[in-house]
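Read through the structures below before going on.
Consider the two complexes below, in which chain A is the common component and chain B and chain C are the respective partners.
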Partner chain A sequence: MRSRFINRLAFSVLVMLGVSAITFLLMFLAGDPAALLASEDATAAEVEAIRKAYGFDRPIVVQYLDWLWHAVQGDLGVSYQSRRPALELILHALPNTLLLIACALALSVSTGVIVGVLAATFRGSRFDRLVITGSVFVQSLPSFWLGIVMILIFSATLRLLPTSGFRGPSYLILPAVTLATFQVGTFARMVRSSMLEVLDSDFVRTARAKGASAGSIVFGHALPNAALPIITVVGLELGGLYGGAVVTETVFGWPGVNTLALSAITSRDMPVIQAFVLVVGILVVITNLVIDMLYTILDPRTRGAR
Partner chain B sequence: MSHATSLPLRPQPQSPSKARPINLRLLIPAGLLGVIVVIACLAPWISPYGPNSQDLSARLLPPLWQAGGSTKHLLGTDDLGRDILTRIMYGARVSLSIGAIAVICRMVSGVLIGLVAGYFGGPLLTFFMRLGDVQLALPTLVLAIGVIAALGPSTSNVILVLAITGWVLYARLVVSQVIVVRRQDYIASAQLLGASHCRIIFKHLLPNIIPSVIVFASLDLGLMMLTEGSLSFLGLGVQPPEPSWGGMAAGGRALISTAWWIATLPGAALVVTVALVNVLGEQLRDRLDPRLDATRSA
Partner chain C sequence: MAGYRWFAAASLVILTAGAATGGRAQGASNGVACGSGQPVSVNLLWPTQPNTLDPNYDTLVMFAQISRNMFNGLFKLDDSMTLQPDLAVSYSQPDALTYEIELRKDVVFHDGSPFTSADVVATFDRIVKDQKLASKQRSYVSNIKSVTPKGDHAVNFVLKQPDSSFLKSLATIIYITPRSVIDKVGNVEFGKKPVGTGPFKLDSWTMGDSVVLTANCDYHGDKPIPSKVEFRFIAEPATQISSLQSGEIDIATQVTSDLTAALKSSRDVAVQSIDGNQTFWLSMNTKEGPFADPRVRQALNYAIDRTAIARQLLGGFATPVGQVYSKSVFGYTKAVSPYPFDPDKAKALLREAGYDSSRPLKIEFYNFRAELNPVQQSIASFLSDVGIKVTTRFDPNYFVDTWQSGKMGRGQVIIRSNNNLLMDADFALGLELDGTRRGMYFSSPETDAAIAKARGESDRNARQAAYDALNKTLYNLAPVTFLYSTDGIYGVSTRVDWKPRPDGAIYLANVTKRR
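The block that comes next holds the complex of A and B.
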């Protein structure tokens, strides 16, 4: 098991290096970085001076290694806009984004498990068919539209919940529900199919034959086994959650990293954009690593295997 | 980028014979979707208004069924007096065409890379699969923010972003199948008969993987339309005043409490279209490739 962990860790470090290379190259995709830094009416000589001063005249590999060396030490450059360190800006807004994602994830997993277990237990029933149809529908809902409709219903019409910003727990409800909805369908279907598989297996049949109650079969035998794949799906859905958070934060004016990155686009504040892409990429890699290890620890069947 | 596993809705058909009764579940969404496509194509001839023609005397008119609604503007008008229904019809062109072009770009690049890398294997395969791992660590919208911050927002950059974030999913699907198929005897005999690599890849491998690729692409189309909508909503995609469903929703957001129809109706059009595409995709999967686990991304 230890060698598996070491392999996974090495792999994750490689992926992070790849993410860092993509992040670095974004700067050059934007055009001449020296011209971007210079003021609009700068002469060619002034641009050249900036190029020299910032080291943009060196070979690209050297520049990347230099950038990486600084990045490892937490220096991702200074925001063109606010003149503050880019990483500091991102890390300052990150807790809000993580809070939103964590709440949405908790909401979608718990709802998905309940709905999925019920659908599998009453396989073929009207409820089961409703869950299948509903999950397709839910996956057709764009977050921006759902968010706007929620604001229309719960804020503009019923005046129950606040629309934007973050000044207390009630501000979290609409964004979290909006972000969770897309994933509920995925989790419900996953739990349903995973439960159906386990309910058909020999050990459940044995438990039934020995006279176990329906509740003990579903919750004592089937669910613990069916729950494992959910952990994997959570890992696979993370990217979608981060992406959905971009839209959700915009709709609800949530003060997170995505709102920060979007406002940096208008001013072409590349250091902030780079810090954003790098931090999200590293977070996704780390979460996937943790999930993979968790899976190995929880599932005795993977212990012997490589 | 993410994936979700979902199971086929119905068990695998007992006998996959060609002559099956006409499936209404397949025909109805296909027909409705066809209607939407026809309306999108014929928008200039159906609507008496242009998508950007303003009528300041008819600003913020509500839809027909609300008090103050007018039969001249069935779904009302926006703050510049533009007809919402007309803009939704023109928006369908944007949404459907960008979605379709993005899927074709993702599919062609992913299938080509998957076929070649899967057939030759070795370092080529390792390179593309590791590159894919790196890309999957960056969610589509996050990479989109990075790329569009660098290149500037435009329709072609949206397609570019969707293509470069999606080839991995197709390539993985193709590689997983090519690796199995290329070990079979008929591939070996084709090689012994002196068939070129090119002939083996396109004549023998490609036909094997086409059904699952088509199913995957049909499930991908809805997601691409959602992503395009989101990008345009964020101001990173199709730029106003060109009518796109996401952009119209963003434009009407500030007026939500006074003129709800401006922001919600274009999004509703997207919901209906994507739902039809998804239902169609699920039906296709059940018919063509019931075992395929749809890997979806957002």
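The block that comes next holds the complex of A and C.
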């Protein structure tokens, strides 16, 4: 178990190094960084002065090693726009994004589990068919469209909820629901098929034969066994949530890390873009590591396997 | 020299009179207690968020809205775009290069420290010399040779070249910052917690969400009416409109013509538009290749139906022009109309220049802003109609990497625009067509001399006449393909009393709002 953990950790570090190299090279895809920093009508001499001041005149390898050396110490450079540390900006906005993702995840998992369990229990019923079609339907809704429609209904027309920003719990409702909607379908279908498989297995038949109640069969025996694939899917879907949050944050003006990154991309504020890619990359790697470990703990069968 | 002295005396009289009337015009707030009005919320629709509230870093029109409510310049433009003193009291001009500016003595910064000439000098020093700040306003002060204090409440500016638009740059781009605060906390901290002299002071800044300012009741001018003003950063146009309709914001900016229909159906909000200061044209490499021939450049101008683009694509919120600035900008020539739409003439000119169906003119047409794709496509089809082989390209880096660094290839064209921050002809001419300044593509000794002469002319009427002559010459030389200038479009709650300005500036101190 420990060696497996160390292996996974070493692999994660390699992935992060790869992410860092790509992240660094991003800077040179967007054109001359010194020209970006200068004003629209800067003279060549002004651009050169900025190039020197920011060290863009050194060889790329030297710049990368220098950047990496600072990065491992938590210094990801200074925003071209605000001159504030890029990491500080990202870490300031990150909690908002994590909160949004956590709420959306809790919402989609709980809804998905309840709906999926019910659908599996009443297999073939009208409700079951509704869940199958419904989950495909909600997955097909583009989130920017869904977000705008929800704003039109709940904010502009009914005036029940605020349109955008984040100044209190009520501001969380529309973006979390929008972000969760796509995943609800995935979880419901996943839970349903996983439950059906378990409900058909021998130990459930034995429990039934022993006269266990329907409730204890579903929640006591079947669900814990059906939970394993759900955890895997949560791990996979988290990447989707990070991505989906970009659109959701923009539509709802959510002051998260994606809004910041989009703003940085538009103004080509490279240090902030680099910090964003690196931090989100690390988050995804860590999440996958945790899920992997969780899987090993929950399912004794996977412990021996490498 | 006597002429200058006469002019200086006259300008002093005008400015003092201006100060008096300016005061009266603002006197709408007389009798209203400071900060007794309802809070006002403005959304600044822009794809990026402000990362600093330092007023002397960027030149972006949108975020200057925050600066101009928190800071003052030495001068300002009033609602009719006339120069008025702000932190200055008056000025005189002993010669073409020297400006002696008297400062107000009753001004304090938000932290209570007095405003003096040392702050003015330090403001300009920081923009010019601070390499780490790398202020984008640097190019706008590059014509200043020196700034020196004359006692505590007067400064002398000496320019390198005569420039009659100089005072307008002090009125529109450069805001005065407190030396003592910046010396103490540094640029970065100052960008987080700015301290100004303006009618509002910083209350809070929630990154990515909003900046809130509160009324500064120690303000030296007329006391601000709203208790608070809020600047929101909703970047999604549809969300902005919903926020306006639900009453969360009072003023929506950068509204596009396609969304005005949604606003017109709403009772609580109104669409307000005004001739703006943003002008579009096609810039091209005129030094070599096909566009070195003026007949080809004229052909492009005749080939495009600007009126159709303005009406059909831009919902009528645009005006075709034959100049590089709009009619609200000083120096606009009424007598120079836009090129007429005349495809036959375009074809004839192309034939004269040696292009026909067997040897068509081939051009590469670049666009770097996604929102301009429809306009680009439409122009490309007009150009194809007269037999030009057009390859359209979208490249977000083209402007910075190629156009701005003067590396445009033969036969390349880019659609671009200019926000005339100074509301002055010289601003656009200096950036696009003056070979002695940035103009890196089209220039000629004659037009350069004419631009310099108009720039140095201190008499307003003579200066206008100089631009009238220049605009006629430029029309015929067709250094760019002239397109149109766009209107500023706003969605405004019917509860607030606010009117847009041609320069797009939003001042909130006098805004009243009904409950």
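Assume the second predicted complex is superposed on the first by the 277 of 306 C-alpha atoms of A that agree within 3 Å, B and C clash if a C-alpha of one lies under 4 Å from a C-alpha of the other, contacts with A are read in each partner's own complex, and residues count from 1 in each chain.
Rule of thumb we're sticking to: a residue touches a chain if its C-beta (ideal position, glycine included) is under 8 Å from a C-beta of that chain, and two chains touch if they have at least 3 such contacts.
Quick caveat: nothing in here was measured; it's all calculated off a predicted structure.
Of the two partner chains, both chain B and chain C are touched by A:250.
After overlaying the two complexes on the shared chain, residue contacts for A:156 are found with chain B and with chain C alike.
When chain B and chain C are set side by side, the one touching more residues of chain A is B. Applying the stated contact rule after C-alpha superposition, one finds that A:14 touches chain B and leaves chain C untouched. In the superposed model, A:148 lies in contact with both chain B and chain C.
In the superposition on chain A, A:285 makes contact with chain B only, not with chain C. Shared-chain residue A:263: touches chain C; no touch with chain B. In the superposed model, A:210 lies in contact with neither chain B nor chain C. Judged by the touch definition given at the top, the superposed model places A:23 against chain B, while chain C stays out of reach. Of the two partner chains, chain B is the only one that A:139 touches; chain C does not reach it.
Across the superposed pair, chain B and chain C both touch chain A at residues 30-31, 148, 151-152, 156, 250-251, 262, 264, 268-269.
Within the complex, the chain B residues that touch chain A are 1-7, 9, 130-131, 133-143, 145-151, 153, 222, 226, 229-230, 233-236, 246, 249-250, 253, 256-257, 260, 263-264, 267-268, 270-271, 274-275, 277-279, 282, 296-298. Taken together, the chain A residues at the contact with chain C in this complex read 30-32, 35-43, 46, 49-50, 53, 79, 81-84, 89, 92-93, 96, 147-148, 151-152, 155-156, 159, 162-167, 250-256, 259-260, 262-264, 266-269. Interface residues of chain A, counted against chain B in their complex, comprise 11, 14-16, 18-19, 21-23, 26-27, 29-31, 132, 135-137, 139-145, 148-149, 151-152, 156, 182, 186, 189-190, 192-193, 196, 229, 233, 236-244, 246-247, 250-251, 258, 261-262, 264-265, 268-270, 273-274, 276-277, 280-281, 284-285, 288. Listing the residues of chain C that touch chain A in their complex gives 47-49, 51-52, 58-59, 131-139, 142, 187-188, 191-192, 206-210, 232-236, 238-239, 242-243, 245-248, 397, 400-401, 404-405, 430-431, 437-438.
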